[in-house]
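You will see chain A twice below: alongside chain B first, and alongside chain C after that.
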Partner chain A sequence: MSSPEPGPYRLLGGRIPYVEGPLKVTGRAEYTDDIQRPGMLVGRLLRSPWPHARLVSVDVRAARALPGVLAVLTGDRYPTPFGVLPITHDETAIAVGKARYIGDIVAAVAATDELTAEKALSLVRFKVEPLPEYSDPRSGLSKVAEPIHARGLLGSNIQKEVVQHFGDVDAAFARAAVTVRVRGRFAGVTHAFTEPMATVAEATPDGRLTVWSATQVPHYLHRTLSEVLEIPMHRIRVIKPEVGGGFGGKSDPLPHEIVCAALALETGRPVKILFDREDVFYTNHGRHPTQNDVRIAADADGTFLGYDIEALIDGGAWSSFGTVTTYYNGVLAMGPYRVPNFRYKGQRVYTTKPPSGAMRAHGGTNLRYSIELALDALAEKLGVDPFDLRERNALPPNSTTINQFRITSTSFVKCLTAVRERSGWDAKFRRLPYGRGVGLGCGFYISGSNSPIHFTPKMPQSTVHLKVDMDGGIAVHSMQADIGQGSNTLLAAIVAEVLGVDLERVHVQRVDSDVSPVDLGSYSSRVTFMMGNAAREAAESLRDRLVAAAARTLGEPAGSLEVGHERIAVRGRPDRFVTFLDALHAAMETSGALTASGSYRSPTLGGTFKGARAGTAPAYSFAAYVAEVDVDVETGAYRIPRLWAAFDCGRALNRLAVEGQIEGSIHMGLGQVMGESMNYRSSRLLNPSLLEYKIPMPQQMPKVEILLVGDDDPEGPFGAKEAGEGPLIATLPAVGNALYDAVGVRFHELPITPDRVLRGLDLRAAEHRPWKGA
Partner chain B sequence: MSSRDLLSFRLNGHPVDVPCPSPRVLLDLLREDLRLTGTKRGCDLGTCGCCTVLVDGRPTLSCLTLARLVDGRSVETIEGVSPPRGLNPVQAAFVAHGATQCGFCTPGFVVTATALLRSNPRPSRAEIERAISGNLCRCTGYLKIIEAIESAARTEG
Partner chain C sequence: MHLDPFELHRPTTVDEVVRLATELAGRFDYLAGGTDLLPNYKMHLNAKPHLVALEDVGELRGHSETRLGAMERLADLEADRAFGRVHPGLSDAIGEVATPLVRSSGTVGGNLLVDTRCFFFNQSYFWRSSLGFCLKADGDRCHVVPQAERCYATFSGDLAPALLVLDAEVEVAGPTGRRRLPLGALYDPAGDGIRRTRLAPGDLLVAVHLPPGAPGRRARYKKLRVRPSYDFPELGVAVAGAWDSDRVRSLRLAVGGVETLPRRFDDLTDPLVGAPLTPETVNRLADEVQRRVRPVHNTFLPPDYRRRMVGVYVRRALAEAREGSAG
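Showing the complex of A and B:
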C-alpha cells in the first residue's frame, strides 16, 4: 500500500471504517428480506418457459379459486410500459401480449404461503403461439419475421444504432505508418451480488403505498411506480433498506418491484417478493455479450492518428440502459489518450435472452479490453515500450477531446510512472521465462454521468439535508444509495469534517422518499462527486450559522474563527473558544432546530450533435495496472500472483473504501477475464446458479498493491473523483497483455479459460512462432 | 402437531423446543420461525455460504441442513457469536479493516472465521483462504476479509 501523505483534513483522506460496520458484522443490519409485516403475503412470479411466444389467452380461474390465494395478476392489469431511460419504455410489469425470453414474467400471485403460491402458479393455463427465437444478434440486423419489439429499427431487432465520425478516419489510416486491429468477443457476465432482489409493499387505508426494495436507485423506482400504477408520487413512499450489493444490477426499476406493489394494492395486505438465485440470473441486466472490432492507426513515432471502432451488442429482451450502452461502447474510447480522428458504429440488438443492462464500468470494459490489446500490439510493431507509447499519447489536463469531452484533472501519466516503477516493469517485460509475463492495461471512466436520466434536467442531481436539534446529533438525509460502497460513511465524514465535530455525532438516515431529498442514486459512479459536493454545501451553510453564533458569544469577528475538535475557536488562540454544543444552543435561540440544505448541479458540458451528452462527466478517473501471470503451459491454467494498480480518483477521501472498491473491482474484472460467462444454448441460459457461474475464489486473488496518485480535482468535493467503477476496467487488458508476454498469444475472446489458452498455444505452435524460448 | 415434530436443541447456548414439520430446513427455521434474521439467504443451494451457522461448533450451510438433523445438538448463529454488548475480536477486526462492504455475506464470514480461530488460533494465510472458500463475497475481493481474520488472530493470540 502506498503510504498516505498527511493531508489537510482531519478525517477525510484517512481510513474511515464504515459507519454501519458494527450492524453488518453482528447480523443486525436490516435488508429487505428481513422485513416482516403483519399479515404479510408471499408474492411469486410465473416466468415464461418460451423464448418468444404470443400469449393468446390465459386462464387464471383455477389459480384464483385455490384456498389461500388472494390475487392473481396478468399483464393486462398494469400494462403501462416503463424503462429506466425515458426514451425507451419497452418493459411492462408483467408480459403483455408476448413473452420475450425464457424468464419473462407472465403472471404473478399473492398467497398466504410459498407452497400455495407455487401451487397457484402451476394452475395458470396459457394458450400461446410460438414465435421465432432470435438468440444471435446478427440474426436481427435486417427485417425479421416477428420483431421482438415493435420499436425495432425498420422491422429489424436493432434497438439502437449509433454512428459517429469526428475528423477524417479514412485519411488518418491512409497516412498511417502502422495499423493494428483487435476483434474482441465477450461473453455476457452478470453482477452476482450476494443478496437476491427482494421487495416488500404495503398499501394502507390512508391511500398511501409504501415500498421497501433492494434498489440502487430509489428515485427512479419511485417515478416508475407512480407512472405504472398511476398513483401520484407523493402518495408513494419508497424506502431503501441495506442493499446487499448491486454493481448495476439493481439500478433499473425492475418489474417485480411494480408487481409486488400491485399485489399489495390488489389485496390490501403487505406482500413480499423474494427472488431465488434463478430469478436473479434471469433478471440479469449484466454486461452485454459483445463483439467489437477496434482498428487503431499511428504514425512512425507512435502518435495515434485515429480509431475506427465497431460494436455489435446483444441486448436481450429489453432496452434497459441499452441506448447508453451503445454510445458508451464507442465514446468511452476517448480517454485516456488523445484520439485525433474517430469513427464508431455501434448496434445494440434485441434478442430473446435475459436483458443485459448496466454493470460496473458499464460500456467501457469490453471496448477497453480490445483497445488496450491493440495498443500492446502497436507498441510491439513500433518496437517501443507499451508504457512509452501510452505516455506519448496521454490526454493532457485541461483539454478537450475531439467529441468535446471536457478533461479537467488527469494524473494518468503519474499512474503510468508509479506503476511502472513499483511493478519492476523494465526488468520483467519480455524478460521473464516462457509461461510467465507482465502486462499493462489502462483505463478511464466517468465520474458521474453529467445528465440525469429523466426529463427535468434543471433540477439538482443531488440534494442533502441536515437537521440538528438541541441534543447535538446531526441527522443527514439524502436519497443517495449506499449499496456497500461506503457512501453513508463518506456523507457522514464530509459533514463531520466541515463542522469540525466527531463522526459519531452524525447519523445518516435510511433512504426514505418521505424525508430524503432527491439524489439520483448509485449508478454511473456519481455519488462521491455529486453527493459529496451537495453534502459539503449543506454542512458549510450550517457551519456558517454556528460560527456566526459563536462570534456573537465570543465578541469576535466570524472571519477570525475556525472549527475543529468539537469547538469553534479564534484562529491562533485555541483557549478562546465555544464548544460545538454551546454554539449550537446559541444559534438555536432564534430558530429552534437548525436545518440546512445543499445541492449539486452538473455543469453544462458536451457538444450539440446527436448523442453529444453520452459520456460527458464533470470529471474522469484514470488507471494504469500491471498484472503478472504464471501460466501452466501443460494445462492452460494460469494464475495472477501480483497486480499493481495505480489509480487517479483525485483525492481519496476514505482510503479504506477506495482500496475496497479497487480490490473488489479487480476481483470482478478477473472473474470476467478468467472464467465468468453466461452460457446459452440458443436462448436458454444454461448456468443460472452460483455453482455453475463461478466467481473467483480467495485463492485466485493476486497480491494487490494499490497506488493512489491522483491530484485534487478542481470541482470534486475536497478534490475527489470516482473510484467505484473505473478500477475494474484496466484489470482485464492487464491480464490479456500479460498472457501475451507469457506465452505469445493474444486472446481476443473472453473469458480466457484454460482450454482457450491451450488452443491458443496449439495455434501458435502450428504457425511455428516460437516465443521466449518455448 | 405430534411430539415427533417438536425439535429440541441448544440455540446460542440456550435449550429450545420448537415445533418443526419434517421438511423444514434449518435456515427457514431460524429466519422464518425464530426470526433470527442475521443468518442470510443468498442462494438456497449451498453455493454462497451466506447462511453459515455453527452446528456443534462446525460451520454448516443452514440452507442445506434439514432442521431435524440438529435435534439434540448445539446451533450457534451470528446472534450467538455476537457478545451482548460490543463486538467479538473477529467482528471488531472486520469493522476496522473494512472487511464489510454490502455486508450481506458478512455474518457467514464472521461465523466461519470465529469457528476457525477457535480451532486454530494461529492460522496461516492458506488455512484462512481454505476456511473461507465456501463463502462468496462479491464486494471485497476477499483481501480485507483475510487481513481482518489475520488481525483478529494476532489480537486473540
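Showing the complex of A and C:
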C-alpha cells in the first residue's frame, strides 16, 4: 500500500471501518432472508425446462386444489411488460405466451411450506409447442423462423444495433504506418455475489404493499412494481435490507420481485421468495458472451490514428441493460487515450439463454481486453515500450474526445509512472526467463452515468436528508443502496466531516421509500460521486445553521468560526467555542429539530447525435496495472504471483473501502481470465453451481500492491471519483499481456484455461516461432 | 432445493449395521460424512428412504500406520504429522480433497466409495428433467457417449489411487462374516459404471489395512484440477516405490479421476523392477499409461487435455517420489 500523505480532512482520506461492520461480523445485520412476518407463505417459481416454446395452454387446477396452496399464478395475471430501460420493456413477471430460455419463469405458487409449494409446482401441466432454439447469436443476425421477441430488428433476433463513425477511419488506416488487430472471444460470466436474491412482500388491509428486497436500485424496483401491479407508487413501500453483494446482478427490477408482490396481493398474506444458487444462475444478467474485432492504426512514431471496432453481443432472452451494453462496447474505447478517428458497429442479439445484463465494469471489460492486447502488439511492432506508447497517446486533462466525452481530471500518466516504477518494469519486461513475464493493462471507467434512466434531466439524481433532534444524533436518509461497497460509511463520514462531529453521532437509516429521498441506487459507479455531493450539500446547510447559532451564542461573526472535534470554535482561538450540542440546542430554539436536504444533478454533457449520451459521465477513473505471471509450460497452468495496481479515483475518501474494491475487482477480473465461464451445450447452462463455475480460490490471488495516485477531481465530493468498477478492467489485459511476455502467445479467448495455454504453445511451436530461446 | 424426508438410523456396532443393511438392502445409503451424499440428495439423485449413519460405530474410527478406520475423518489423519511423514503419498491425497471444511466431515470410507461425477448427472432434478434424465439416474440414455449402455461418470475420490499403490486391503463385514480383499478388487471393472464395486447387500467397509512395508514407501499423489482447492480431481496420479540406489525394488502406479474406476498399471510397472529407472523407461511408462486411459467429456477440462496431462503427471509423480524423503 502506498502511504497516504496527511490530507486536509479529519476523517475523509483515512481508513474508516464500515459503520455496519460490527453487525455484519456478528450475524446481527438484517438481510432480506432474515425477515419473518406472521403467517408468511413460501413463494416458489416454476421454471421452463424448454429453451424456446409456445405455451399453448396450462392447467393449474390440481396445483390449486392441493391443501396448503394459497395461490397459483401464470403469466396472464400481470402481463404488463417491463424492463430496466424504458425503451426496451420486453420482460414480464411470468412468461406470457412463450418461454424463452431454460429457467424462464412460467408459473408461481404460494403455499404454507416449501414441500407443498414444490409439490404444487409439479402438478402444473403445460401444453407447449417447441420452437426453434437460438443459442448462437450469429444465427439470429438475419430473419429467423420464430424471432425470440417480436421487436427483433426486421424479423431477426437483433435486439440493438449501433453504428457510429467519427472522423474518417478508412483514411486513417490508409495512411497508417502500422495496424494491429485482435479478435476477442469472451465467455459469459456472472456476478456470483454471496447473497442469493430474496424478496418478502406483504399487502396490508390499509391498501398498502410493502416489499423488502435484495436490490441495488430500490427506486427502479419501486417504479416497476407500480407499473406492473398498477398500484400508485405512494401505496407501495420498498425497503432495502442489508445486501450481500450485487455487482450489477441486482440492478434490474427482477421478475421474482414482482411475482413475490403479486403472490402477496393474491393471498393477502406475507410471502417470501428465496433463491438457491441455481435460480441465481438462471436469473444471471451477467457479463455478455461477446465476440469483438478491434483494429487499431498508428503512425510511425506510435501516435494512434484510429480505431475500427465491431462487437457481436449475446444478449440472452431479454433486453435488460442491453441497449446501453451495445453502446458501451464501442464508446468505452474513448479513453484513456486520444482516438482521433473512430468507427464502431455493435449488435446485441437475443438468444434462448439466460439474460445477460450489467456486471461490474459493464460494457468496458471485454472491449478493453482486446484493445490493450492490440496495443501490446502495436508496441512490439513499433519496437517501443508499451508504457511509452500509452503515455504518448494519453488523454490530457480538460480535454474532449472525438465523440464529445468531457474529460476533466485524469491522473492516468501518474498511474503509468507509478506502476512502471513500483513493478520494476524496466528490469523485467522481455527480460524474465521463458515462462515468466510481465504485462501492462490500462483502463478507464465512468464515474456515474450522466443519464438518469427514468428521470427528465431536471430532477436530481441523488437527494440526501438529514434530521437532528435534541439528542444530538444525526439521522441520514437516502435511497442510495449500500450493497457491501461502503456507501453507508461514506455517507456517515461525509456528514461527520462537514459537521465536525464524531462518526458515531451519524446514523444512516435503512433505505425505505416512505422516508428515503430518491437516489438512483448502486449502478454505473455513481454513488460516491453523486450521493457524496448531495450529502455534502445537506451537511453544509445544516452546518451553516449550527454555526449561525454558535455565532449568536459567542457574539462572534459566523465567518470567523470553524467546526471540528464536536465543537464550533473561533478560528485560531480554540478556547472560544461552543459544543456541538450547545450549538444544536441554541439553533433548535427557533425551529425545533433541524432538517436539511442536499441534492446532486449532473451537468449537461455529450453531443446531440443519436446515442450521444451513452458513456457520458461527470468524471472518469483511470487505471494502469502490471501483472506478473509464471507459466508451467508443460501443463499450461499459471500463477500470478504479483500485481501492481495504480488507480486514479481522485481523492480516496475511505482508503479501506477503496483498497477493498480494488482487491475485490482484481479477484473478479482474474476469475474471468483464469476460469470463470458460463458453459453451454446449445442453450443449456452446464454449470449453474459454485462448484463448477470456477471463481478463483484465495490461493490464486496475487500479492497486490495498490498505488492510489489520483489528483482531486474538480467536481467530485472532496475530489473523489469512482473506485467500484474501473479497478476491474485493467486486470484482464495485464494478465493477457503478461502471458505474451512469458510464452509469446496472445490469448484472444477468455477464460485462458490451462488447456488453451497448451494449445497456444502448440500453435506457436507449429509456426516455428521461438520465444525467449524456447 | 430441499431434502426429501428419510429415516435416519444410528447403529453403534458393526453387527447392527450389517443387520440393518441386510434388512434395508437397496433402500438405504450409508451416511459417512455426507459432504457428497447430502448435496446429491438435495438434487434428488438416487435418494433413498433410509440413511444409516455410521458415526456412532466406534470400531470404524481410529487409525495407525497400518490401519485406517473407514469412518476416520480426513482432518484427523491430516492433523497426525507422524502419519503424514510415513505416508507421504496418502498425505498428499488427503490434503488435496476438497477444502478443510469438507475434510473435517469427510471420511476414508466415504472417499473410497464416493459416487462418480458427470456434468449431466450432478445437476438438480429440474436441470435433469429439462434434458430428459440419464442412465445413472431416472433415465435411460447417456448424454456424454451416445448409445452407451454403461455409465461413464468419472471416479472422483482422491484416496483410492494413493492407497492402491500402497497395496492396501479393505476389511469388509457382511452377513456371512468378515473378509479382506485387495482395494483393487473392491472396484469391479465388470460393472456397468453405476454398480462399481464388489460389495454385496449387507456389506460394510470397516477399515483399510496397509501392509507392513507400506509405511516409508516413497510415494506421491498429484492431482489435476482447475483450482487449488474445492474441486474434484480431473486426474489423479499416484506412485509408490522403493529404490536400491538407482535400481527399482518395487513400483506401483495408479490413476484416478479420468475413468469410472481408479486403476493400477502393474503390467507396466512390474517389468521395471530390478533395473534402473532411466528417462527412456519413465517416458515409455508415461506414454503407455496416457495411451490407455480414456477420459470422456463430462468434467470441466476437455478430455484430450486431461489425457495429455496423464503423461506429465506420471513423469512428475515419479520424479518427485524418487526425490522425496523415505521417512
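Quick note on the criterion: the second predicted complex is superposed on the first by the 773 of 774 C-alpha atoms of A that agree within 3 Å, B and C clash if a C-alpha of one lies under 4 Å from a C-alpha of the other, contacts with A are read in each partner's own complex, and residues count from 1 in each chain.
Here is the rule we go by: a residue touches a chain if its C-beta (ideal position, glycine included) is under 8 Å from a C-beta of that chain, and two chains touch if they have at least 3 such contacts.
Remember, it's a predicted structure, so these values are computed and weren't measured experimentally.
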Touching partner for A:I102 - first (chain B), second (chain C), both, neither: second
Which superposed partner A:E161 touches (first chain B, second chain C, both, neither): neither
Which partner, chain B or chain C, touches more chain A residues: B
Touched partner set for A:E195, first chain B, second chain C, both or neither: first
Partner chain in contact with A:P49 - chain B first, chain C second, else both or neither: second
Touching partner for A:M697 - first (chain B), second (chain C), both, neither: both
Which superposed partner A:E20 touches (first chain B, second chain C, both, neither): first
Which of chain B and chain C A:D276 touches, first, second, both or neither: both
Residues of chain A contacting chain B in one complex and chain C in the other: 276, 691, 696-697, 699
Interface residues, chain A side, partner chain B - complex: 15, 17-18, 20-31, 33-34, 36, 191-196, 242-247, 274, 276-277, 483-486, 656-657, 659-660, 663-668, 689-691, 695-699, 701, 704
List of chain B residues in touch with chain A within their complex: 35, 37-45, 47-48, 50, 77-79, 82, 87, 90-91, 94-98, 100-107, 110, 128-129, 132-133, 136-146
Residues of chain C defined as touching chain A within the complex: 1-2, 119, 122-124, 126-127, 129-131, 224, 226-232, 300-302, 304-305, 308-309, 312
Residues on chain A engaged by chain C in the complex (per definition of touch): 47, 49-50, 102, 114-115, 118, 276, 278, 634-636, 675, 679, 684, 686-688, 691-692, 694, 696-697, 699-700, 753-755, 758
